[in-house]
Amino acid sequence: MPSKRSQTARTRHGQFGRPPTGWFVGPIFLALALWFGIGPQGLALPASTPTFVDRSVLTTAPRRTALSNPPTVRIDGFERTCMSCHRMFPPREVPASKLLQHRHIALAHGINDRCHNCHHDDDRDLLVLRDESTISFGRVVELCAQCHGPTYRDWQRGAHGRTNGYWDARRGEVRRLGCTECHDPHQPRVPAMDPLAPLPGPQALRAPAYDIHDDHIFITRDPLRRQALQGHVETIAPSPAANNAPVEVFEEEEE
Amino acid sequence: MSGAGGNAPGSEQAAYTGRLTRRSFLRGGLGAAGGLAALAASLNPLRELDTSELTVEKFLQKHYKEMTADEMEGVLARIRTEVEQRYAVRPELRDIKAMDGVEFAYALHLGRCIGCRRCVHACVAENNQSRAPEIQYIRVLEMPRGSVDIERGNHHYDRPTVPDAGHYYMPIQCHQCANPPCVKVCPVEATWQEPDGITVIDYDWCIGCRYCEAACPYWARRFNFTSPQIPNEQLNPNMSYLSNRPRRQGVMEKCHFCLHRTREGRMPACLEVCPVGARKFGNVLDPDSEVAQILRTKHVFVLKQDVGTLPRFFYYFDEDYPRSHAGISLPVLQPHGVGGTR
Amino acid sequence: MKAYLRFVWRCVRLSFAGGWLYYLWMSALSIFVLLGLNAYCKQLVFGLITTGMSDQVSWGLYIANFTFLVGMAAAAVMLVIPVYIYRNRELHDLVIFGELLAVAAIVMCQFFVLVDLGRPDRFMHIFWRFNFPISMLTWDVVALGGYLLLNLHICGYLIYCAYRRRHPSPIFYVPFVFIAIAWAISIHTVTAFLLVGLGARPFWNSAIIAPRFLASAFAAGPAFIILTLQVIRHMTDHVVTDAALKMLKNIVTVALTVNMFLLGCELFTEFYAESAHMVSTRYLFTGLHGRNALVPWIWTAMSLNVVALTILLLPLSRSLRYLNVACVFLIVGIWIEKGMGLIVPGFIPSPLGEIVEYSPTANEILVCVGIWALGLLLYTILVRITIPVLSGKLTHDRLYLPYEREDAHAIVGAR
């Protein structure tokens, strides 16, 4: 009777070796089926709460409303023009810094330090050009063009300034904004703005909802992260420029 | 584990001849049943699969270029119904063709951009991108003065106010290149150049292989890694087939120059919202258009010119001195006569 | 036809017949396949956000494995060339295992591409609008599909002829074998050209990528075959001579030497000029701006390759044990090099200079493991069928499977 060992040795290089035992196969797969069926379902996917940007920020309206022609102001329920008051007293030649009225206007227009460089001495409803001819407020662009020649040429071409509406004049209005619809004539430098937040860090798909350092939760201005935090903290302090309004500055800031 | 444990060698011999015994039947049956059960159970997650994309109609839908007008109308009707069901908003969806004699170009004044990112979010609002995770077609880089090296740009600047003195800002979006590498590599022709220069994507044809995303030198293309989430009230109902209709999971998307607006003569959303007028758009074939004049007269450059993509997105700047020279007073020259030449 | 179906049925029965070790191996592989299938179902439901990929790194582990496996498939030609062109006797009976490996590897490649697609339900679009010859992906589809058909035909014909105890007529397989030699080189070249053709990615846009692909494939593929032939030698009675293994070892050594030389060329080109084009290489080898997730990987791969090459060049590799160690080292090293060391750094930094790192998620890894298990399962079954057929034990006029023998004894007596 050949020994068990030689039997197995004989069949080791044969077709099948020891008999197919395989009892473990069925139960293992059944256990796997149970795991798939009633084990942990779903996946831990990265946080992705809807983001929110205040739609009022995305206005396409010009940043400034140009004054009417002639400019009017509402006093005691009546629409008054400039001459309503200014015809009552003679004009005075004073530097802007020494004005007693209109003190809210801070003049920072390059080398211009006198109001009468642009405003007519006698008729406050008109503007004055360098050759002392007058123009109405509606043609203020020509006044700017006197000194800012290259910019004016660019503006005419469309390279400077803002164009809204249509690019195809046959189909709609090509609305070229005038100088004063972006620039304040007394402080022409365009003020700095509050930038809308970037996507939360690199790999936006996998950004954590918030940062925790030393038990403090740092709330960013990032709307996506702020939104995700609402389940985690009771109150969220709004960021200083929560409505993203343009912040007026008079100088370049050193950052 | 051995089924022959404890038996005499003779019966072991009999056992492995494979004769169908009750034992071997049970063993085999248990194995087979277990295997099939495990296979069926492994498909368990598919219970949550969104099968609305797996209809016969969508399977048979043709490529955009092969559809007749009637077939397109049928597809548009189907999409309108879907959008209405999903977002409770009745969309105005049409297929707008390119205008004749028009080739679009975009110019961006690098001296004017202040990096406020209004364009980024106006684009998101206009084009029905996913909000969670948020897809943004435009990426604004904060670049240090003195360098055009893109690698030194900061994508995630988060200052209280912009612009910052030592930096300038460069928004980058799809350049609608005239020699587009993304069109070259798409295996199914799901993306192509239209006659007016816009590179478009047929969202119902894309298979999501992301080869175009690898091929784009400007990182302009985005992929829907998951089902896009758009709040109902933020849906823009003014849609077209090739531009801003809501996309589905697993397809590519990118800036398309707001063709549902620009092919009707309007300005794209990013330009409309720009508060400083840094963006310029128009028909470059019209010599009197803003962009044509800019390309003729300004200092213009394109990004990565060496890659040979021939972009239609140009960056330009003026020759007069930029805003950042605050505090430097130039000498005031005395005019020859009073009153000047005007 | 009926005979063919009977042959197929007998093969199916044969796949389920084996010892406990065989059952253990196949069960383990099947479990991994099912785990991978389950993970892929989750990916179908939620989308590719279940992986670690992002808009910046839009190809990851799936394409990395695809690239490596195309190389493995191409390496079958390294067995064919010695036998059919140089008339090497030792390897003559072993060519079939290389071609079966090619079949299994190509099937794995197809699966890796399938799981990488965002819309697998639209895969038929590639047949309806085929951007051939402009898109390199279409070339890849043609090349891989054609190579699969070629190898299926060659292997199927030879095996079926052996089963029918017919002498295979050369006209039906020899021309195909020679076509397969050229085709094998081309499948890996086309896969390399997928990457090389992208001007947007200077890390890939280099002429050396295709030769490096081939060199590393011809090192890793035969190394894998060396290992599997030893398994076959232990588990079955198929004859595998030491001389055959030595021949394969020589092939691996030459290929690995060429691979390391080409690596040296690449490193010199990138690091000497220090232009901006090498920023991805710098990220890979030294890290960039403090981001250095891939640095340990690539240096491990380099070390493994160097150690493997050293072992192979020394007389040490005459011993099978050291040869096996070298093979394992170089397979792992080349896998890392082609995956982590080629695909992922091409995306870092992004074309706009953003550095976004990539690490695969658990779900992604499960899908990859599942597909590897499927490939090994397929290869095991193919080998399981081939060996009895080629050794003349399983033929159309011979009873082989135990139940067949038993019935014959019961009905017609001893044969």
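Some notes on this structure:
Labels A, B and C are assigned to the chains in the order they are written; within every chain, residues are numbered from 1.
In this text, a residue touches a chain if its C-beta (ideal position, glycine included) is under 8 Å from a C-beta of that chain, and two chains touch if they have at least 3 such contacts.
Just so we're clear, the structure is a prediction, and the values are computed from it rather than from any experiment.
Of all chains, A has its CA centroid at the greatest distance from the CA centroid of subunit C. Compared on C-beta pairs in contact, B-C and A-C come out with B-C as the pair having more. Distance between subunit A and subunit B, defined via averaged C-alpha coordinates, is recorded as 20 Å.
Computed centre separation for the pair subunit B/subunit C is 34 angstrom, with centres defined by C-alpha atoms. The distance from the centre of subunit A to the centre of subunit C, each centre being the mean of the chain's C-alpha atoms, comes to 51 Å.
Multi-chain contact residues, meaning those touching two or more other chains, occur in subunit B at positions 1-2, 16, 35, 38, 42, 44-45, 133, 155, 225-226.
Chain contacts: subunit C has residues 17, 20, 30-31, 34-35, 38, 42, 46, 49, 54-56, 354, 402 touching two or more partner chains. Chain contacts: subunit A has residues 16, 18, 20-22, 24-25, 28-29, 32, 36, 42, 45-46, 202, 204-205 touching two or more partner chains. Across the complex, subunit A is touched by residues 1-4, 9, 12, 15-16, 27-35, 37-38, 40-42, 44-45, 107, 109, 114-118, 120-122, 124-125, 131-134, 136, 155-166, 225-226, 229, 231, 234, 262, 264-267, 271-277, 280-283, 289-291, 293-294, 297-298, 316, 318-320, 323-324, 326-327, 332, 339-340, 342 of subunit B. Within the complex formed with subunit C, the residues of subunit B that make contact are 1-2, 16-20, 35, 38-39, 42-46, 48-50, 53-54, 59, 63, 133, 139, 141, 149-153, 155, 172, 181, 184-190, 205-211, 213-219, 221-227, 249-252, 304, 307-309.
Within the complex formed with subunit C, the residues of subunit A that make contact are 13-18, 20-22, 24-25, 28-29, 32, 36, 42-43, 45-46, 202-206.
Residues of subunit A touching subunit B in their complex: 1-2, 4, 7, 16, 18-30, 32-37, 41-42, 45-46, 48-51, 53, 55, 57-60, 63, 111, 129-132, 146, 150-151, 154, 157-168, 170-172, 177, 182, 189-190, 192-199, 201-202, 204-205, 220-222, 224, 240-241, 246-247, 249, 251-255.
Here subunit C touches subunit B in the complex through residues 17, 20, 30-31, 34-35, 37-38, 41-42, 44-49, 53-56, 58-59, 113, 116-123, 125-126, 128-131, 134-138, 141, 194, 197-201, 276, 279, 346-347, 349-354, 401-403, 405-406, going by the rule given at the top.
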